[in-house]
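Chain nomenclature is as follows: A, B and C, assigned in order of appearance, with residue numbering initiated at 1 for each chain independently.
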């Protein structure tokens, strides 16, 4: 389960000390590694806090999400009840529909609560939004059954993020109320020819998560809502480079291993890593996102 | 639980092979990344082993720690028994008092065992100390009830460390016998205006950890000894940059997520990372420490 | 347990887009960090897929592995049944014998199934092999009791890998069917004077893993097949630098902590890290491998 130490900032100005790289020289710092200085300086000067909606440089991108109770076969022969996001007029699903927006757009996501429980929409990883758009009970709006609320923010940085309900999180998130939220850079040709989003989760197929008390004993590991052997195959043709976006919306640490190839880990939590690294096993903990490049090869590797 | 493969070095000289960067070129090495060579060379030449107490360049910094049995409300309405470190004449607490020293100081920590169990003081992350100061039963002193022992070392590198009892570790550490040990660089103005230390732990509130056999089923996640909603809010005013030092003294993997902002991870285990990275979710495993920079923003984010 | 999203590449050509570093400038990229560009370009151009056996530049390195049922005392007084790899005429063990080959060699590993269960040999981390050599049931050969199969590949990159049975993986791997597979760079003098391979695993000593259903409650943490206090001491003389190769063949996250020293993490999953980093605590998840440099010091540190 995700744990949040409460960080409660208050508007107040403050003089920073002289820019000194902490205690770097005495702590194993590499002389000449000026990239370190650059990264820290960049962090200290990047915009922080709410980006006013008027600062959008592109048009408005609107989505509407409803909430439905559905029955899904997550393991062959195992049907579970889920609370699922869906576009109006389309079947709801776990994960909910992927929302894709572009840097510069003003994003409007209207949550129409067609369910019998209160819900919110937390935009996991989006930092340009105002507090009332953060989708956390008590600090922003709760959307009661029959109610609606429109979450708005300006997309400012490309990256892999997620949305999920944050109301009684351990229950609502576990019931399947999550989906991917991808922010794309509009003016660049990516180095990958195709991309895939894989959302990880676990399920206790023997227990209805809506029945309290809820202390799950997970027995199914889900990728995009399905457990093996219902997980669809991911095909990467030889000669192609694909981007795989991993999003962990579950509660347990996982270790993802690919056969027959090593991948390049290029981003974590929607931020490019300063230096990508090669690996064939990716540890991922709840709430994390990783972008990895995978190149196709001959043969079929499970 | 922390697992230590037994590394038992013995004094003996040895010629190193010629300095070659392992098998770098064949293993995905980046040509021109000379920082890699620098880091390896620096590692091979950094001082290793006991720093004689006479090499302290600053004064002596003395602390005295006692051990007391206390009762603490860790969750509203849930009182547990703890074994806690405390300064003489002051209430003991979990975590114990934070010890702050400066690079160059000779540090003396006197453990006065005012408790009915044997204890030791392990200085987690301090590598400049001699074996008998390492606070591990059988290889250094055990402090019997009523006894005292003074641990001494020269602080040589700034960083985030910890102290904890290493006697029957799974019981004594779980009973709350830990605290932060921060080594500061004395001559530099930090880039952060304020700092916070957050020590993570878990508790089985239904089981007295001192009663054996002890196989905990943790039901409370603690930050600085308290579970939600007793964890105090951490305020970072807009415009300010704070340093948050995370120390994991518990037994389970955790994933820490901040809302409304991304932080910069600058150090692990008291060592500056060669290149800091942005994230909003921090995986942390038992024994690890991470230093992250967080910038304040408008609004209140849980 | 290792989880593999099914990556099933198919031979087909494809034009890549222009080489653009993703969405780097907008995503917190460091200007001037050209090493990032180099790493991505190198990844996009490295050879991918099967390396024909005829491309071996050195001789053939042959191994034969048998499979035997053995009884082992993993904790003092606790004897468990294991399924173990071994060279013919030598006692089988858990881990199986370490296989060491050199870059350029054609490697032949003949699995002689002297056991009463079907087995395969998966070469964890080796990416230059053909699909039928990958040792995954249904996609490559299953070696029936009494049968044999020779796995062949060209060793192309130095690194720390593993072999293990992938037939009913959660049972066969847990019964002890794993070992180290080290690929060495033949023409370089390493910067370490000695090296050690430590394979991590867990065991449920109260349950025979071969009896289904198998839902282990691990009670022993194993290093090279033995739990404390049967784990042999690892001696690193003062003045020496050793390489320690950690391989995780178990199912739980672990956190490895060394006393009295900080180590340098130089490689993950058999690939050199772009920048090594100092640490004293190493998180490692199932399937991962880490190479760390450790320097000896005075004293004895557990």
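Note that in this section a residue touches a chain if its C-beta (ideal position, glycine included) is under 8 Å from a C-beta of that chain, and two chains touch if they have at least 3 such contacts.
For reference, the UniProt names are A, B, C = FtsP/CotA-like multicopper oxidase with cupredoxin domain.
Small disclaimer: the values here were computed from a predicted structure and weren't measured.
Interface of chain A with chain B: the two copies contact each other largely through different residue positions, with under half of all numbers used appearing on both sides.
In the Cα superposition of chain B onto chain C, the rotation angle, rounded to steps of 5, is 120 degrees.
Each chain gets one centre point, the mean of its Cα atoms, and the points for chain A and chain B are 30 Å apart. Residue positions of chain A touching 2 or more other chains: 28, 35, 39, 253, 270-271, 274-275, 278, 283. Across the complex, chain A is touched by residues 28, 34-35, 38-39, 42, 46, 103, 157-159, 184-185, 188-193, 198, 221, 223, 231-241, 244, 253-262, 264, 266-267, 270-272, 274-281, 283, 293-302 of chain B.
Here chain C touches chain A in the complex through residues 2-24, 26-33, 35-36, 39-40, 43-44, 48-50, 122, 124-125, 127, 129-131, 134, 136, 139, 253, 268-271, 273-275, 278, 283, 285-289, going by the rule given at the top.
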